[in-house]
Amino acid sequence: MTTDTDSAVTDEIPVDDDAAPALRGVTDRDAVRQAREQKVGERPGTLQIRENALKPRLFMISYDEKSYKEREFTSYDELRTYYLSTPQQQHWLDVRGYGDLPLMERIMNDFDLPPLQMEDVLGDYQRAKVDVFGDNQLFLVSRMTDFTPNCDIEDDQLSIFTGSNFIISFQDDYEDCLDSVRNRIRSGKSQILRSSPQYLAYALTDVVLDHYYPTMAAIGDYIETLEDDIFRGRPNRRLLARILRIKKDITRFRRLVYPERDKLAELLRLPDDVLPENIKLFYRDCYDHAIQALDLAESYRESISSLVDLYLSSQSNRMNEVMKVLTIISSIFIPLSFVVGLYGMNFQREDEHGHVMPMNMPELYSPLGYPITVAVLILIVTVQLVYFYRKGWLTND
Amino acid sequence: MTTDTDSAVTDEIPVDDDAAPALRGVTDRDAVRQAREQKVGERPGTLQIRENALKPRLFMISYDEKSYKEREFTSYDELRTYYLSTPQQQHWLDVRGYGDLPLMERIMNDFDLPPLQMEDVLGDYQRAKVDVFGDNQLFLVSRMTDFTPNCDIEDDQLSIFTGSNFIISFQDDYEDCLDSVRNRIRSGKSQILRSSPQYLAYALTDVVLDHYYPTMAAIGDYIETLEDDIFRGRPNRRLLARILRIKKDITRFRRLVYPERDKLAELLRLPDDVLPENIKLFYRDCYDHAIQALDLAESYRESISSLVDLYLSSQSNRMNEVMKVLTIISSIFIPLSFVVGLYGMNFQREDEHGHVMPMNMPELYSPLGYPITVAVLILIVTVQLVYFYRKGWLTND
Amino acid sequence: MTTDTDSAVTDEIPVDDDAAPALRGVTDRDAVRQAREQKVGERPGTLQIRENALKPRLFMISYDEKSYKEREFTSYDELRTYYLSTPQQQHWLDVRGYGDLPLMERIMNDFDLPPLQMEDVLGDYQRAKVDVFGDNQLFLVSRMTDFTPNCDIEDDQLSIFTGSNFIISFQDDYEDCLDSVRNRIRSGKSQILRSSPQYLAYALTDVVLDHYYPTMAAIGDYIETLEDDIFRGRPNRRLLARILRIKKDITRFRRLVYPERDKLAELLRLPDDVLPENIKLFYRDCYDHAIQALDLAESYRESISSLVDLYLSSQSNRMNEVMKVLTIISSIFIPLSFVVGLYGMNFQREDEHGHVMPMNMPELYSPLGYPITVAVLILIVTVQLVYFYRKGWLTND
Amino acid sequence: MTTDTDSAVTDEIPVDDDAAPALRGVTDRDAVRQAREQKVGERPGTLQIRENALKPRLFMISYDEKSYKEREFTSYDELRTYYLSTPQQQHWLDVRGYGDLPLMERIMNDFDLPPLQMEDVLGDYQRAKVDVFGDNQLFLVSRMTDFTPNCDIEDDQLSIFTGSNFIISFQDDYEDCLDSVRNRIRSGKSQILRSSPQYLAYALTDVVLDHYYPTMAAIGDYIETLEDDIFRGRPNRRLLARILRIKKDITRFRRLVYPERDKLAELLRLPDDVLPENIKLFYRDCYDHAIQALDLAESYRESISSLVDLYLSSQSNRMNEVMKVLTIISSIFIPLSFVVGLYGMNFQREDEHGHVMPMNMPELYSPLGYPITVAVLILIVTVQLVYFYRKGWLTND
Amino acid sequence: MTTDTDSAVTDEIPVDDDAAPALRGVTDRDAVRQAREQKVGERPGTLQIRENALKPRLFMISYDEKSYKEREFTSYDELRTYYLSTPQQQHWLDVRGYGDLPLMERIMNDFDLPPLQMEDVLGDYQRAKVDVFGDNQLFLVSRMTDFTPNCDIEDDQLSIFTGSNFIISFQDDYEDCLDSVRNRIRSGKSQILRSSPQYLAYALTDVVLDHYYPTMAAIGDYIETLEDDIFRGRPNRRLLARILRIKKDITRFRRLVYPERDKLAELLRLPDDVLPENIKLFYRDCYDHAIQALDLAESYRESISSLVDLYLSSQSNRMNEVMKVLTIISSIFIPLSFVVGLYGMNFQREDEHGHVMPMNMPELYSPLGYPITVAVLILIVTVQLVYFYRKGWLTND
């Protein structure tokens, strides 16, 4: 009964005319915005191609212990024929670009790929995850990261289905970071040639994980640059914007790596008949690296929060500096201005009748009045400068 | 024995005259305030209709693999008759509005719905949850969200009871977000027609979850707008109010989605005879989406905290700017004022007897006194401007 | 052996003359301070009455399915006689006030209440908890909250012991929030009359939980008022004090509700022979409400932290405003003062010999000197006002 | 085999000449600093006495159900003889001060105390913990707290070994907080006399826990004092230093109590043959108290963070006040100074030829020039005062 | 089957010509940067030596219960011969420096060390961890810390493989902190001589852990110095930089110790045939120390956050002080300047016709005009000083 319903789910897909796209696993803002224009709520398991998807290119590497053959097929039929004619070989079908819905459906049906997972492949965003399907086959999603020159983390999805003698990988870009694995196969001596497709799937997962380190190193460099900039330069809003941007990058990176770690933990918990112990041994290594990547991301987070503290303190420092200049200049000159104003008063020395009023500003009539006044002014300035010097206001922090 | 007591609980309801309403599951402020005016502490399981509840409208979609029929009934009796006369079909009874207590009680009794759960349906607020009742039937609560133009998240409750050949959904509004499911049924080819009511319940849960994405996308857009506003415009309290409001929205959103995730996790843990594996397969997909929604909500939270940092820094920046203007103008003009005050002093050149006192302000009697003074003033200004320019105070950050 | 020791613990109590009070479960500051004056370290299980405890009043409601009788007893002997004479009825002995140690000990002994729990009843403060004792009997502690007009949360302890045909509730105040349960019994038709004492214990627990909502609603209202006050009025320290006080209330409320939730979770985990499934059904509902109360408390916490941000920003805003006034006035008038000071200088037009020195302040001798100067002053003011207007400093944020 | 190796570990101790001290469990700063001067990395299980350790004093209370005897022994041999001669009695050997390594080793060997635990006793710092050793014997570490008048938390270690008919307690100070337990024994009627040594160990643990409350109450009082000081007095750095010091105390207190709670939880999980159920009953009570102490400590932490907020806001408030005074005085007098400066200008009324230049400052030649000017000055002041009054700047917050 | 594949992994290594280094476990920034220049994605299990690795030095301590022999070998062959010729002895092969890939591979093959773990040894950074391999052998990684005079934490990796009669330790520096263990062996009486290699591995792990305390003590001292500096000196950015640097150190220290704790917990969970109970006993002690080290690190973290609060408050305090000076001087002298400006006005006493205008500044013509004015000035100053004194602005905080 259950089986019937189950297969019904699978079989129905080609004939179900539910047209609108199902919004699956979108977590990025752009992807989310785009999704608003699509109709939500459609039947799950409906394949749906994004509008701007690239036309698929089909690469296949076929190999056994002794030989390997690498080729780009322009026709899927040809590829299929070749695949069926070499059952003794192992195959890595490497699909780059999704922009051909009927082709995707043919691949899904020919290789018995489950529709819900296929939807995850073609959807906008899928966290790293692992699903078991069919006959102990694995569906693995990894996210490949890249740190662009203008400080954004780009991530592309790599989806892998394993089979008895094949793996199929899907990615939405023609460029990827998997060449080192291809080179190992091309070298003709790699262990991949002598191992099961599961080992190849592992090798791909591992190389994606390895690419997290350069991304993190770039982030680390950038944080160091920011630190220097705050200490050297003047704090300004552009600097804060850069700090907050790299903070976003780290948030994003963590959102990428946490599921990766969970995926690896789940792989390690799989029963041995699904994933043999000798493969798990390698994944254990990957798991270790994922943990270390998270470790580092966490410490970058703390660095960023230190940077924000530093920035705010730096801003406050600048205000202090501005205020000190104002205070020093005002404190020195305002009293001086008072003194000179004092002797600018017009109290009359003589009354209307020509009598001298001796109490009215006798200083003005002293022969040394002016020099003494100037001396007093100089004294005031000196006292203040000493005071400010002692307070340390005349030196920069 | 247990059964007796149990049924006693159920049976008693129509005759128990405990009048005051029981306050159940209120979590929203308005709802809470309203609740204060009600009497608390009444017997649980007492059905209670909110004052402002809409009059119920009854919709029914009846379908089997080959046909479907959709109709709004004005009389419950008629609906009931129709329902009883078509036992071979599956029925989706879609109740919108709760404002008729006797009708609610009749539905509860006729379809054997448990009173505690029925109370959750009609109460003010119920977190997303799942209960198993009766003969492996499910009671599911979801919360449908909407992001209003003035940046509030509205959420309505969708309560679903499943039965052997029916589901009953309750909502307190005539509008909902479930049309895409209705359309799939209307298309006549959807898998829903060929599956159990549990699949329809899943489809409704899924469409509610799908509607979280546009809400989140709207929040994301709004955060981006706020970021731009802070960078461009001047910080003011209205801006901060908007930041804090969107922060509240995110808090609220998380409070909606966390129970949703827990509900889905609980569904996945149900034994297979309550929820068959082939339905769980779909809920697993939902669970994945709920996790991704929470992920995104968490990263929005971090964005908001960055926004608050940015706002405060921006405010502090403005103060810096104000202080810089004050300092530059004061620093330039206060010394100038001193100089001109100096030569405004009235020290007398001649004493009472007409003798010249040569020490008293000889500058005033020099033919070039004024031009030289003006030159000194210009020099002071120039030196200060150079100083401030070097400090970077003359340019904006 | 174990049993012997165990009963020794229980039996010894009346004869043990360890006099000093044992400090049990004090968590409130006042209670803690009071406790300092008591001797700590006494033998556990020693009953101890607080000095200011009220004289006990004894109420009893006796009921069966058909009748109920409610009465306040002035003599415990009379109550005891009545209780013993009606073994077929169920009894709710409602003890209000603890101020009579021998009476408390008699009740403890007559109803076989365990001494450690009895100590929790009479002690200063006990978190919500559940203990199983004797013959599948329950000891339940709940905390009844009240939000006073001057924004404090008051909480009183309600302790309940269940027995085969009775429950005994203890509280230290004559007033409580349990009248709705009494009214349900008085109505003569409530399910309580037909259920076991455990159901009555549940009903009391539930009504206490229901009273959390008005408390929370009052807190919510108060937070909203504070928000309005910050936006409208001027920030001052009284306002901050109010924010921090309500923050304390929320902290306290959470400290009340977390143990309540844990108590309910523990009740749900009790084996069915201790707590039958049909009662657990109701507690599950309570548990749900406790979770929702915590949910709300958490979101109030976030609101408070937003309020503090808002307050600080508001304070900083005010400083900005003050500085702007200073800067505008200083920037306008300090240059003006310089100009008028300039023409207050006393450079002499003629030397001692009466020769004109044409370079010395010719402006002063121009017929339009003054009007032109005034025009320049007006120009300076205008330019500055335009500058400040453009900067937005002349308008309020 | 295992047993052999195990006993090897134990036996070897007296002959192993590894001289340098092993640094064990140091968590306090002073202890840590001291440890730097010691050689690290020595063999574990090496007994090591701190330099400043007090000379041991040996107290023994021996008791059975009917009698007890309390005595301080000056000679360990005498104590040992007495102990061996009264096997039917229970003994509490109370060692205060560690400063005698050979004695400590003799006690360890005579009573079969395990060396690793003995090292914990004599080491610098050991978190609260429980170990099971030998024949279901317990090793318990508690930390006794004291709140000194100058606001520091002092804590001393109490280490207890239980045996079949004895307990041995070690502490490094002659003073302790255990007198209430001694008094209960002295009273001759306490349950301790009739129970196993495990009960005495419990009683000691309990009395230590009870002493946390006065410490916490003192902290609570101090926090309240600080709050008042911030509201009343002026914020200064000494106040902040006090806030941060009490924050440290709370951090430290939590570090003390968390292990205590974990210890109690571990005790409750011990099998019944190690710790009988009737003793666990009492520890459950302790556990409850530890939880409540942590609860309170957590809410003190929140209070402290509120205090810091309050302090910072208070500091910012003071700056506001300073700025307001500056702004009011400057805003009032700077314009006035401009006006009086204006009429201090020396524009000449007559040119060289004695012709009147009527545009040059006719105000100065008006008979009412001065009174009108003074009136204008008064008007300016009035307008400004009204403006500031309306802004609320003239009243204190 | 599994075994085959497994051995394939091991055997293949010498012949696999995958050249590029595999980036393993890099968590430090420098290491990460360095890694960017390497090719990522290579086959796991490929041994890879860092460019700047030191040339290996080979030390061997061979011992049995009665004797020990310590020697540095210049030739590995000689060492190998010696090792093979003394199977009855236990050996500690102590490899310092990695800079010889063929030698590393020979050691790996000769002692049957697993390649994935060997890669961890030689890689850039590996968290503390434990792996079980081969015949119940352990692979242990510890990190040795050092606190440099300029406040950095340096950490070196110590990797240990245990075998039936040997342990092999690898470190990348010639200096280490293990001399105390060597000395214990050299003493000829240590328990190490009589125990299995597992005990020696424990002793090394323990001594590394013991070295955390001096590091922490140095951090604690430094924090105290910083606290004093903030209270005494003036806040400046260098001080903040030092605070943030020590914060980084603590973050780093925690990143070191958390894995160490996890490693120890994992050791304790190993089955008894892998790690005998009598060794676990010692590791339990280590675990306790690791917990206490983390405890202390956590409380240092809180101290740092207090320091940042203190610093910011101190900065704000300084601004207050600057503002107070400005305000006091401005408030005193600006009104004075107004008064003297007032009597600097040139209102004419006589009109053109020589008529006295009595309203025009009669003060100037009073014989006591000037003394009275000076008295008024002094009064103004006095009133203000009293006002400021009362406000407490004249004293320092």
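Observations
For clarity, chains are labelled A, B, C, D and E in written order, and residue numbers in each chain start from 1.
Rule of thumb we're sticking to: contacts are C-beta pairs under 8 Å (C-beta built on N, C-alpha and C of every residue); 3 or more make two chains touch, one makes a residue touch a chain.
Just so it is clear, the structure is predicted and the values come from calculations on it, not from any experiment.
Shared contact partners of subunit D and subunit E do not exist in this assembly.
Where the sister copies subunit C and subunit D meet, the same residue numbers recur on both sides for under half of the interface positions.
Work out the mean CA point of subunit C and of subunit E, and you get 42 Å between them. Residue positions of subunit B touching 2 or more other chains: 312, 316, 319, 323, 326, 330, 334, 337, 341, 344-346, 361. One full turn of the ring, starting with subunit A and passing subunit E second, gives A, E, D, C, B.
Within the complex, the subunit A residues that touch subunit E are 177-181, 184, 187, 189-191, 194-195, 203, 206-207, 210-211, 213-214, 216-218, 220-221, 224, 231, 276-278, 281-282, 285, 288-289, 291-292, 295-296, 299, 302-303, 306, 309-310, 312-314, 316-317, 319-320, 323-324, 326-327, 330-331, 334-335, 337-338, 341-342, 344-348, 351-352, 357, 359-361, 392-393, 397. On the subunit E side of its complex with subunit A, the touching residues are 2, 5-6, 8-9, 12, 15-18, 20, 22-27, 29, 32-33, 35-36, 39-44, 116, 125, 127, 129, 234-238, 240-241, 244, 247-248, 251-252, 255, 308, 311-312, 315-316, 318-319, 322-323, 325-326, 329-330, 333-334, 336-337, 340-341, 343-346, 356, 361, 363-371, 373.
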